[in-house]
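Several structures are given next for inspection.
Presented sequentially are two complexes of chain A, the first with chain B as partner and the second with chain C.
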Partner chain A sequence: MMEKTRTIDAKGMHYTPLNKEIRAAVKDGITEIILDHINGQRFIGDGLRGEDVRIIINGVPGGDLCMFMSGPTCIVHANAEHAPGNTMDSGTIYIHGTAGDAVAHSMRGGEVYVRDSIGYRGGIHMKEYKDKCPVVVVGEYARAFLGEYMAGGIIIVLGRGKQPPVDERGVGTGIHGGELYIRGEVPDHLLGIGAEKKPFTEADRQKIRPYIEKYCREFGVDEPELFSDEYVHIGPSSARPFAGKYCWE
Partner chain B sequence: MCGIISVINRKKNPMDGRAVREALSIMNERGNGEGAGYAVYGAFPEFADYYAIHVFYDDLIGPKTAVEEELDKLGTITHDEEIPTFEQPNLKKRHIPWRYFFKPNVSALGTTASEEDILVYLMKKVNTTIPGALIYSTGKNIAIFKAAGWPEEVADFYRIQNYEGYIWLAHNRYPTNTAGWWGGAHPFNLLDWSVVHNGEITSYGTNKRYLESFGYVCTMHTDTEVVAYLTDLLQRQHKLPAELAFKALAPPFWDDIDRMPEKERTFNTALRMTYSPAMMNGPFAIVVANSAGIAGITDRIKLRPLVAAEAGDCLYLSSEEAAIRVMEPSPDRIWMPRAGEPVIGRIQ
Partner chain C sequence: MPVGSVPPKYKVTIDMDLCMLCERCIENCPYGTFRREGSKIQIISRACTGCHRCIAMCPRDAISLEEKPVDYRSHPVWSREAREAIYTQAQSGKIILTGMGNTLDVPQIFDRLLLDACQVTNPSIDPLREPIELRTYIGKKPRKIEIKKTSEGDTDLVTELAPNLKCETPIMIGHMSYGAISLNAQLSMARGASEVGTFMGTGEGGLHKSLYPYQKNMIVQIASGRFGVDIDYLERGAAIEIKIGQGAKPGIGGHLPGEKVDEEVSKTRMIPLYSDAISPAPHHDIYSIEDLSQLVRSLKEATEWKKPVFVKIAAVHNVAAIAAGIARSSADAVVIDGFRGGTGSAPRVFRDHVGIPIEAAIAAVDAKLNEQGIRNEVSVIASGGIRDSADVTKAIALGADSVYIGTAALVSLGCRVCGSCYRGLCPWGIATQREDLTARIDPDIMYKNVSNLIHGWTLEISELMGAAGINSIESLRGNRDRLRGYMLDENILSVLDVKTVGADA
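Then we have the complex of A and B:
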């Protein structure tokens, strides 16, 4: 089937008419939507449905990119601001650059790939249910409070580049579900309350492999060590880390 | 939630207000139309040696006469004028902005008072005893434009495109804890310092009491005011270098201090203990300017955003990357500063 493409020039456009045009394009059966001259428009693709839809963003999208999105693939050829993939249901976001704070905030399904680094509180409140398991892959490093209050899903930090994969506090603070895999060293004092290191098994390696492959494919990376190196595996020390704090039972 | 954008040209090349207006407007989602403002350094080259005292008057009879009596007692007015404004459809002119170019008489208050002391005294006197008058800026060669409105309305109301300077600070307000009003719009200025702030200073009470013990009086009904006064106290009065002053306001955590080598640990412990009541708690991203540069910092656990960029001689600090790209589409470098660590751009 021929791919049907539509280009929208978003220069100076507010996000409401922009999202209306995106929805109209999807309704018209367009499968590739190119957004040119994006700069700062928030909420792009929010709540959008459609498995076979690709959105290509040229420019810096504003916060909450693809929030509640279900199905489409979104490719950003720039940095992204705060919370791309916020409460996303399914689909994929590729960010050819960095992303701001609270990447994948409360994400419940789908995948987010960030080529470079992310800001603070990456993966905060991520969750999973039955076959829905959200995945975040970060190419370089993440800032403090990575995986804060995480309830499910997978966060992978590849530690490419010169900086350590994490060198700030609160990794997995309050985590009670889900897993983090970090290539490189994670000093114990950076672990947050409720987080603990676990063995990195062959099963873990197989589990994260397809996501690393997808990262490498999208961003044109050929680094075999990403597959062979050891990862620090971090998970919850308990499913209810604060049970004793708030409950009397 | 508020929006910040600021820029310095380190070679002091002047920039007019058009680009900063566009940059601030792109973050309108961060405001609610109840406050916006701009500060520009280098705005009054013809009066560069005089303090540019900005006053909001409720009327031009009682309050203005009373303020001018105070000014005459404390020094000489070289020139004064109503700040030119231009009617906007959705911006109600609630106050009449006026500016005085003023030279204080250092013997007016006694032998030990400096020019700055006289200005601090004047601001306190007017803002606490003259109803219908509010001094909102007292710096040399600094213009402040603020009102209750959206960024582009406030910019057009004052026609900031007609002003040039080497530093611009701009702020788009979303008032949360106190009402939106002209005096509560940012930037806040005291003498050479101007501040824009996104967030809330939950330590306001502690900071305010601490400042009062040094003679400062908070009159703007908003937490940001303490940032301007703390900066003045630590940097002008206590002569701390900018890096240390910011470290005092947002110091390292005790558990991080415990892991430091002994010399660093001793120093940071002393700093935290000495300036414990100056420490600012709560979520914040602030940008502070003086005539020598700008500095941006967030709270230590990064509860508000801040992005920095460099392009040629310019350093940009903003809540959002997109706002920087409005002013400079292709910066040489763009990055997210670490929480609690200042980014400083100084003139060369």
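Then we have the complex of A and C:
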């Protein structure tokens, strides 16, 4: 199939007309949309539909990149601001750089790959349902409150060039579904209430493998140890972390 | 240590001279209060929740119910509730959860506000003869409009108007989620609301597909759990509401216990079967008013600026400043929920002690928005303990554009405000997902109760307005001159900006 490409010069453009142009391109059957001179525009791809649409972002997008997005793939050739993949439904985001706070907040499906590090509250309250299982892969490290309130999905932190990859508190506080896999060591005292370490089995290794492969492919990484090293597997200690707190009148 | 049992809350008796042993009470009570024993109905009063289902269904009016049949030694400080809460916590060591709204006997400001009517000098209006305009538009209003004359002599509007909801009455139904209540209850209210040209909230439980026919009259909610939220859901609603807080439990999140997440609830919320649905206390992508503004815009951007976005907050001490922040965030309406608001479940200590009454909140918000010259930027929707058309009228005179009712709509479906919603066994088929119980509501019949209620209140409001010589809702809004305070202290009067009874006009 011939890729139909359209380039939009976003220099000085407000996000609303920009998103209008993106929608119009998708409507016209364009499958590759290149956004040049992006400089902090928020909400790019917000609520956008389209399974086979690729958006290539040259420049730093603003917050809530691909929020509520359903289907497209978005590749950012720079850092991203806070909350890329917020409440995203499906689709993929690749960020060739770092991302800010609340990456993949409440994400319900789809995948987010961040080459370098992410800020606070990564993957907070992600959730899964049936075949929808959100995945976040972080190349270097994540700041505090990673995977809090998780109700489903997978967070993988590769710890490339930064060990330990998570050395701040609040990991998985209130988690009641889903899993975190962190390469290297995570001291117990960093785990939040409701989170506990689980054995890292061969099945787990197989489970995360395809996502690490995808990461390596996109970012041109060739590090066999990402596949052979041990990961700390963190999951919920109970599916009902708050059940024991209450009684009835 | 066991402290023995506390006295039963209710005492149920059957007049066996009247009873015909039809056993309807047995069938109707999901708590097992009644049992057939030979030619008698045995009663276990302790099981009763005071829901009145048996009383409503008994063909012989044979059942009597007495509340608090056993007295404690009376004491002005140590109320029954205070003592019983201690017994419960002494045994559990936990936070006490309760159903329905505030049960403290606090003064209702609404009841101490009196409405005005015309006599002699300014004639009242008869709604039968003259139209009383109750249509309410919810959303941003332009500060000024620009028009241009066409060559044919017509006038065209140049200003681009923000989308507004057109309600035929200032009464809407607030957010009660599927999961917290049954689908049949939601269906009845959605159809009832559509029938009278108003709107209803989905709550944070997604939008079940059988509600799609009413989606034009539904406001979809996005709360901190983001349950059931995807782009389809956002596009289906007439408006989108961001729930920050709730009057019955300001500052804390919500939690739908796994038992209530059955097949259909799980599908609609998009969460696994029987998993707890936990809504965190804050939205973790909103830590500031700027972040809120970002979510508002993100929702608008996702829906191409076609939908009004509301922000709901609990009425807390600083409500006016927060509402002013919301008004500047691109939101189209601010919903304020007072501390008497109902809920399926809230910690007792929050329900009774956190937040402020809606009356004071409306007045404070309206005054602040006016003072800052941004009252036109948002509509104000008030909720939390609106019981009748007088409350609606007073809320509007204090400065609200419209109200949300919640409990009142449930009561129209039979709810007796028994406060046992959390048990999941609501005998009226409302706060339950048990099929035999939800089947007690036939939405094709019960929707009429809801539309009747709103219709009746709407008629009363037009009568009240007509009597006061006011023929349009805009002239009632914020018209505190038509209110007088009765037995309210000077401080409250000054917050409400209302004069005392007997004061000159």
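Here, the second predicted complex is superposed on the first by the 243 of 249 C-alpha atoms of A that agree within 3 Å, B and C clash if a C-alpha of one lies under 4 Å from a C-alpha of the other, contacts with A are read in each partner's own complex, and residues count from 1 in each chain.
Note that in this section a contact is a pair of C-beta atoms (placed from the backbone, for glycine too) under 8 Å apart; a residue touches a chain by one contact, two chains touch by 3 or more.
Remember, predicted model here, so these are calculated numbers, not experimental data.
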* Asked: After lining up the shared chain so the two structures overlap, which partner does A:Val60 touch, if you call chain B first and chain C second: first, second, both or neither?
  -> first
* To do: Quick one: classify A:Arg143 as touching chain B (first), chain C (second), both or neither.
  => first
* **Dominant toucher of chain A (residue count), chain B or chain C** => C
* **Which superposed partner A:Thr98 touches (first chain B, second chain C, both, neither)** => first
* Pick one for A:Asn39: touches chain B only (first), chain C only (second), both, or neither. => first
* Asked: After superposition on the shared chain, which partner residues are touched by A:Gly47: those of chain B (first), chain C (second), both, or neither?
  -> second
* Asked: What is the contact status of A:Asn19 with respect to chain B (first) and chain C (second): first, second, both, or neither?
  -> second
* To do: Report for A:Asn79: first if it touches chain B alone, second if chain C alone, otherwise both or neither.
  => first
* Which parts of chain A are in contact with chain B and also with chain C? -> 42, 63, 82, 121
* **Residues of chain B that touch chain A when the two form their complex** => 26-27, 29, 253, 255-256, 259, 301-302, 305, 307, 320-323, 325-326, 334, 336, 338-339
* In the complex, chain C residues that touch chain A -> 85, 88-89, 92, 94-99, 224-227, 229-231, 234, 255, 257-258, 266, 270-272, 275-276, 278, 280, 284-285, 294-295, 297-298, 301-305, 347-348, 419, 422-423
* To do: Within their complex, state which residues of chain A touch chain B.
  => 39-40, 42, 60, 62-63, 79, 81-82, 98, 100-101, 117, 119-121, 143-145, 168-170, 189
* To do: Within their complex, state which residues of chain A touch chain C.
  => 15-16, 19-20, 23, 42-43, 46-47, 49, 63-64, 67-70, 82-83, 86-87, 89, 102, 105-106, 108, 121, 124-125, 127-129, 132, 148-149, 151-152, 174, 176-177, 239-249
